[in-house]
């Protein structure tokens, strides 16, 4: 990142931990971007006390949005958050030059930070992956977070490389969605040994407690679209060192996460984001649970199944008051 | 595909088999698109008698080119070929809506056909993959070819689905780079049993003879950038039923393909396309063997190693006259 | 292999190409080894003119048979073949010392050659895989064939290593079930360039024609349990250079191979071997189509589906006379 | 498991949690089983206060030991432990009937429980995997633990199936070496919701703290061969609810685990177990760090590298007194 990184405009809105939900992108039934729903959703997240929002992640439909839509999503997120929390934006694309274009567009649209994956589609190895992040880091005017998501890009980021890129200033942090808790421990240990150049987020919403023990600074939980209060409470308990409360909240959220497994008619990406959107529709936060092509909205029994899990969790309107502090 | 598919403008330039090289995208040392080199390369392919050209495939750097560059590559290919052979263009992008944008741009730039992969990055399964191709087929004004390339998209296309999409008119053909010869045989058998709705190309340049036996109509060989004459001769021998000649030519080309394995400093995509570009530079066809970020050009010992293989194959200038017909 | 390799006892029964079916291991309904059925099956293969038999391969249930049963299977195969063709035996086990025990037992039971995979279960890499085969080769008194089957052992054997092990005398040949026709071409080219130290078999019954073009000396087709005559005819056509006949026979056999895909109630290993055994039962060759634990025999609609494919192929009794030579 | 499961002989030695190291199998330089070293090693583990020992796991060289050696290893472990803690034995083999033979042998040799993986080598799916464990459970006279180790068997065990097998009595517990902490959380939640039929062990020595939070009852840490005291202390802190101490100990042990990554000459299984054996040799516990074929012992710089990590951790003789309790 170049010198303007610490400029007043952006320096005050760095994502340095806490709860940063990967916000879903609501669509109308006709698959148009549903701005009022997006506004309500972000408003609710801010009310819950999240520490930032992350748009255009895997959950945020980056892979489905045209470039024009990506810009609109960022612009609306920036407008709605109005500087209260940082807005991170995914700059997901196949290889370096295409990512740089996404970076330019994201910065112009006002993103406070960007999140980039390893190169994908064409096969690359360690030297290219390093160079890819170095190049992005050099060209960025905002903090860059590495997005470790082998499920999507079929490459695991090396913990040693990540810490070196943190020390060199190319990376500000990591969002770990690798599903590899052993590697995450190594990353956290290396990072701490080197003075903590990286802010570490876990993307796995059902094992955040373990990630906190390992050294995570924050979490980017897709499920926080549905229950932001739970993640904010869990993070507060973590800061207080109240591990019993952390664990209790995590167990509750892990049970809620079953919404992503109850749909019978869809699998893969559509089962996860489809259930988040369905839950948000049932909660009255967004207007429709439509998904982008080539997926379709959950309906019929699948909606009922999501509703049942939400009901059990007490997350259907009228919503209950938040629980009292546990101590 | 809609009604204009059989319009006079495009109907005469359908790729219905033969040799259709996936053309590399030459760059200057500064990584600008090198149009004069591109022109010489296409000219040479046409002189060899290829049946079409395929730009913006995996070999053609689709994953590395910005959208602007993609359009320029197609426009130049259309200009240089001047209607003598069809120009197929890759419309490589992650999910349906993004591919549709690539499709619009490719058509506007004059492509005679487009080549689309399964969705990638976000995980999809059979129903979404089918719908993806159906949607592309409905929206396209030119023939659509399915690009089966699990190495890049991590999904194998089902032979039964492909034939059904051929029968429905969504697909005109398949470029098979799956590396799964058993599945290709099934595809060819199914296709023949249904009257051959699909034109079948293999993308594996070293086993084209077996693919012809199995039922391929043509080949999309990256190595044809380096030795187009060999592939044209092999296809002619195939049409003549001269299997001994087919096999002899294939063995020779398979030996030449070792250029993709001799580089010591690079692996993955860069080893393959890097060696093709290096060979073309050594042959005087393109000016520089530069690769896009995050790769660098082959140099030093790697260039010498490519040169040695080329020399053994008699493919360094001054090039020998083409061999006499073998019978 | 030590000096006794060329001893009169074994030297005359080396598998040097042709059709070598991986014989299924018939079971009674109670899952006892059904020797009379095994005898009929081998008798039929010999009558068809196969060049060897391969017991205890993946098709032959090696992974399911106890050590005691493995010995019995080899002994019966040796007894029934009575020296007319070589008997190859799989020595499938996880790591070197366990394979050496299988080797000793197989030799003692009279096997004319053994077939060994790369190590599996514990993760090994190139140096260990090479040493594994070297050790087996040193200890064997009969020819050793490398079994390249990544589907089962999750390691692909390197063509260069295989040829070196052929040159050193450790390996007599390769059974390629890798599904990687590109690598098989490389293997065949390297092998030929080094004087052909290895006898090359393909294990993929539906693309044998392409493998012959690439350089295969023979085939180990599971489907030959069901139609040995077809594979023997195809090999004869290959020796005669009659590629049109090779291809015709291969297309017919590839259509027959659909028996492995029609079962609705079982997947994986059980679908393949289950359909072979079912076809053999329907043809009256073996008494029952039972499978070893944890699989069960195909029944009901699955048997009918196999029957339908067999009937279409004219392979249900009373069987038709063999076709006249095609030229 | 049949009725004798709760017999007095075995019922008192059920592994119901705590620290159960997967004991390495020491070899002499000539690759003979080194019983005196094995005795010293087990003695040391018992002195540290472990809750059981697990022989013939992946770490214990099950895949490398002949059947005869497997029996000897179990017999010696039973003799040395003399009933003080339960002895679990791996019954690792490819498919059901072969595992049943291993089960019989293990029981006869005196094992208090057995640990079985999913079937491997031949491809199986959910119905066969379930039947496999059911059959083993029916035939066993001792508790059966499922070993979830996709790295070796290339199948992930389904949490729902495991809990059902626990409820039916087929399984007593699970050793989770899947590397999938998200699935482990689901397993733990399901298990708790069903009354906890399964005892849950994690096999990942560097993230045990997170596993405890998720619901693990114990740990099977390869690294406990080298530092049993650390794992026993961590488990005690877990029982006391002292999460800060758990985490501190885990971070220390995770740093020590780097011994498995410092060898430059070997990868895969040999790097892990090779480093454990080397550390034990340097500590004077076992006589030699030999590995089974096709691996060789670590030597030269690799031994020095292991020594350096051990020294930093204060784990070289003369060993320091154990640290005082941290609170």
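Every chain is named by a letter (A, B, C and D) in the order it is written, and numbering of its residues begins at 1.
Quick note on the criterion: contacts are C-beta pairs under 8 Å (C-beta built on N, C-alpha and C of every residue); 3 or more make two chains touch, one makes a residue touch a chain.
Because the structure is predicted, anything quoted here is derived from the model rather than measured.
Between A-B and the choices A-D, B-C or C-D, the pair with more than half the same contact pairs by residue number is C-D. Measuring from the averaged C-alpha position of chain A to that of chain D gives a distance of 36 Å.
Averaging Cα coordinates per chain places chain A and chain C 51 Å apart. Among all residues of chain A, none touch two or more other chains.
Shown here, the protein chains touch around one cycle, each chain meeting exactly two partners.
Remark: chain C residues 179-182, 185-186, 189, 204, 206-207, 209-211, 213-214, 241, 243-244, 246-247, 250-251, 254-255 touch chain B in the complex.
Those residues of chain A whose C-beta lies close enough to touch chain B in the complex are 58, 63-67, 69, 92, 94-98, 101, 119-125, 127-129, 131-132, 135, 151-154, 266-270, 292-295.
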